[in-house]
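See the structures that follow.
What follows is a pair of complexes built around chain A, which joins chain B in one and chain C in the other.
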Partner chain A sequence: MTQTVQIIILGLSLGGVFALMASGLTLIFGVMGIINLAHAAFIILASFITFGLFKYFALDPILSIVIVMPVMFIVGVAVYRIFFARSIADPNKRGVTVLLTFAIALVIEGTLGFLFSNIYRSTSPSYASSAILFGPYYLPEAQFYATILSAVILIGLWAFLQYTRTGYAIRATMHNRTAAEVVGVNVDRISMLVFGIGMALAGASGAMVSFLFSVYPSKHWEFVAILLSLVVLGGMGSLLGALVGALVLSVAAAFVSSYYGPVWSPVTFYLALFTILLFRPQGLMGKKAEF
Partner chain B sequence: MAILDISGIVAGYGAGPDILKGLSLAIEPERSYCVIGPNGAGKSTLLKVICGLVPAREGAVVFEGDRLNGLRTDEILHRGICFVPQDRSLFPDMTIRENLRMGGYILKDRREVDRRIEEVYGMFPILKERNSQLAKTLSGGQQQMLLIGRALVLRPRIIMLDEPSLGLAPIVSRQIFDSMNTLKAAGITIIVVEQNARMGLQFADWGCVLDLGKAMFEGPSASILEDPRIEELYLGRRRSRAGADA
Partner chain C sequence: MSSAESALSQKSALGDSVASRRFFIAFLLAATAAFPLLQVAFGGLNYWLHMLLFIYMNVAIASSWNIIGGYAGYISLGHNVFFAIGGYAAAILFAYHGISPFISAPLCGLIAMSSGLLIGMVTLRTRGPTFIISTIALVLLTKILLDNWRYVGGANGMSLPLLDMPVEFVKLPFYYGMLIIAVASVYLSFRIRRSKFGLGLRAISQDETKAEVAGIPTRFYKILAFGLSGFFIGTAGALWGYYLTYLSPAIFLSILVGAKFVLMTILGGRGTVAGPVLGAVLFISANEFFVSQFGATELNLAATGLLLILVLMFFPEGILGTLKQKGRLPKILDWD
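Right after this comes the complex of A and B.
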């Protein structure tokens, strides 16, 4: 029993971070219909920025979020303007954006590999190696902070989408792009903003990834597969779906890892991906079809 | 003087062929128009050009002396021209109130939007009853009312409706046309594209027949309804004699 609860605790805490990692991916898909295969590459890019700030300025990775998020927001806006603004305006070209994101992922990976080589890196703040004990249970301190921070950012994002005028416009564009245009939403600007927000979220998660995992430039392939599986489980474009998908799959993966060994843990995500695509392709909370 | 002057419009989608091929039409204030014509004649495209969703390749759309070409949809909305598209373009997972609030998106004053939503509720009490229901739970007719209500939040000068009766039962279509009559009485200029040409022409003061991307004929609705050529070509004549040949 104790072991089961312990596994759930570890799974949920990692799930919170995965949810944050996936939130940008699902938001960008929801608004623009772009499956951003480069999302995890941007997360790794943010990890490297965090690593640089830690190494050269001794800046704490959690604190560095206040720098990394705005930087990644600007990167997102620029990437949108340069690569996506024209292609998503034309429905015939929308299909090729997935290839474009694939290319961007390769370029980021290649550039990081060229500049920093493909060795493992991670930031090592003091809390990265200690754990919080409560009763018979424990939680690595780093994971604890990362979970809390992810929750705070996700709640902030939810409140922004739910209560602000821009949030309304983003949700409206997600629901029905034409209808949003008809009521006067500048969907191009909203798309640009959402790409920026998506990248800022990738930035925040990248900062946390820097002390939760060891990162190297090609690590993003592993991440993007996991993120896609939990976004598909939750329903593409659904923020709540991404959260549920992340929590469910992280706990499942923690169980698999504990009983069958860590090697099998990633398989959990792929199995879930296959199963969900076979039996409920729209995901747990995705919309079936527009009306 | 025309409130909306459309002259020599050439337009199409993306890199595709021209759908509108030099269409000209003058819209008089406080008059209601019904645009009819076969599929592919460019009826919906005309409305989309006016509200800035599809750019015109040539020609001009002038609203009260003010050229609309090149303006964004929100800028055109600010001038009081609203569009109710054909495909039930609601926000399905938002409540009715949120949908109406989106109707007033371009207005910054939220209290003013709430006041106007109350006006819309006055016109469509059913929407008020279902205030906090999700839009996707409404029937087809109620969704159409919500679409019209959403446009009314801006108190438009001109309202353009693309096939408002599409997919609705006849009795529900009649309700929708009844509410459009109320708009007409309130002095709003209406342009309606309607597949059910008879119903549309009976509602409107003025009819316009579009074919091959041009306005082929326009005139008072009554005269169009009675014109035997137009009846044969566009209204689906009840073939008393020809029926025997077929």
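Right after this comes the complex of A and C.
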């Protein structure tokens, strides 16, 4: 019993971070209808920036979010302008757009690998190696901070979408792009903004990934497959779905990892993905998507 | 009268183009089949044999990928799974039962094809981006399974004995094997393109809902196309593992391998018969040049990605597709 609860605690504590990692992905899909296969590559890029700040300026990875998020926002806006602004409006080009994000992921991975070599890296702030004990249970301090921070950012995102005019316009665009355009929403600008926000969210999660996991450039494939599986489970384009999917699958993966060994924990996500595709392709909370 | 005359002249022009195309293809076949004679006569051409057989293999792979990715429009980033299945099936049969991959290759193709039919039943329930995701997950899942399967050496891979032949001839069986696979797969692609099945696949790529309404058994067609596209990739994998004498999940199942399948086909022009052939020849040659100049580093990965970006942004129809749109396609390359 104690062990079961412990596994659930560890699973949930990673689930929050996975939810943050997936939030940008699902937001971008919701507004633009494209799956950004480079999302995890951008997360790794943000981890490397955090790592650089930590190594050369001794900046705490959590504090560095203040720098990494705006930087990644600008990167996102630039990437959107260069690659997606023209092809986004045309649904026939969406298959090609996904391939484009795939190619961007290859470029990021290759460039990072070339510049910094494909070795394991992680930042090591003091809290990365200590744990909080309460009763018979423990929680690594790093995961505790990461979970809280993810929750704060996700609540902030939710409030932004719910209570601001821009957030209202974003939700309208997610709901029906054409109708939003008809009533005067500048969908192009909204798309650009959302891509920037998505990348900023990737930046924040990348900063946390830098002390939660050891990262190397080619790790992003594993991450992106995990993110996509929980986004598909929750329903593409649904933020709440991404959160639920992240929590459910992280706990499941924690159990698999504990009983069968950590090698098999990613398999949880892939098998979940195929199971969902087989029985409920639209996910738990997604509407039936027409591609 | 004039219309009849122009129709007649058009017909004879068509006859000319068919004849020139036939001549071109016959010439290609004769030249590729006769090339090893130079090696027998003079020797020292092992590097060229290697490059050519590598190109043939990729011609086969690109033409096969084109069946599902080009004709049906379902972009799969996970076709290297079939490559791995073929390679490992042949290696197991060879290492544990002593059956040479040259004999088992068609069987390995069938194994890859049956896996494709089964996998297709699951992944082809989705369209568009979700399908692409499922193919990536497939690669990662297969890699983890092979990494942990001790019978085939896990992540360390398995070694196979060398083909016992003098060094100047050892590449020839592989050369002809890959040549046969390449020709057969291009022929299959051609026959599919001309068939009712191929027409159905192209209707699916245009508008799947309408295709279904028009009475095309879309689900059956898609699964069949997915399976068929696995056959020659599996066969090529069987020979390639033996040729390398070493198999590991990292060789067959990196994302980059699957990405190159896609890039070659798109570069040449997906949905055409000659496109994948041209794409494979150009891409492998360019890649070889790049690797020999700059080394097979991470830079190669970045360059592959960059090339893919450029092609997608400026020539999404590929070389042949773009030429065709402009009406400048050389007749000898119009194999549809």
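To be clear about the criterion, the second predicted complex is superposed on the first by the 288 of 291 C-alpha atoms of A that agree within 3 Å, B and C clash if a C-alpha of one lies under 4 Å from a C-alpha of the other, contacts with A are read in each partner's own complex, and residues count from 1 in each chain.
Convention: a contact is a pair of C-beta atoms (placed from the backbone, for glycine too) under 8 Å apart; a residue touches a chain by one contact, two chains touch by 3 or more.
Everything quoted here is computed from the prediction, not taken from an experiment.
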Which of chain B and chain C A:Y168 touches, first, second, both or neither: first
Partner chain(s) touched by A:G184 [first = chain B, second = chain C, both, neither]: first
First (chain B), second (chain C), both or neither touched by A:N176: first
Partner touching more residues of chain A, whether chain B or chain C: C
Partner chain(s) touched by A:A105 [first = chain B, second = chain C, both, neither]: second
Contacts of A:F114 with chain B and chain C, given as first, second, both or neither: second
Chain B versus chain C as contact partner of A:A58, first or second or both or neither: neither
Overlap of the chain B and chain C footprints on chain A, listed as residue numbers: 291
Chain C to chain A touching residues, read off their complex: 73, 75, 77, 122-123, 125-130, 132-134, 136-138, 140-141, 144, 147-148, 255-256, 259, 262, 266, 297-306, 308-309, 312-313, 316
Residue ranges of chain A touching chain C (in the complex, touch as defined): 29, 34-35, 37, 83, 93-96, 98-100, 102-114, 117-118, 217, 221-222, 224-225, 228-229, 232, 236, 263-264, 266-267, 269-271, 273-274, 277-278, 281, 289, 291
Parts of chain A lying in touch with chain B, wherever the complex brings them together: 90, 92, 165, 168-169, 171-172, 175-176, 178-186, 287, 290-291
In the complex with chain A, residue positions of chain B that touch it: 14, 51, 53, 72-74, 77-78, 83-85, 87-94, 98, 101-103, 105-106, 136, 150
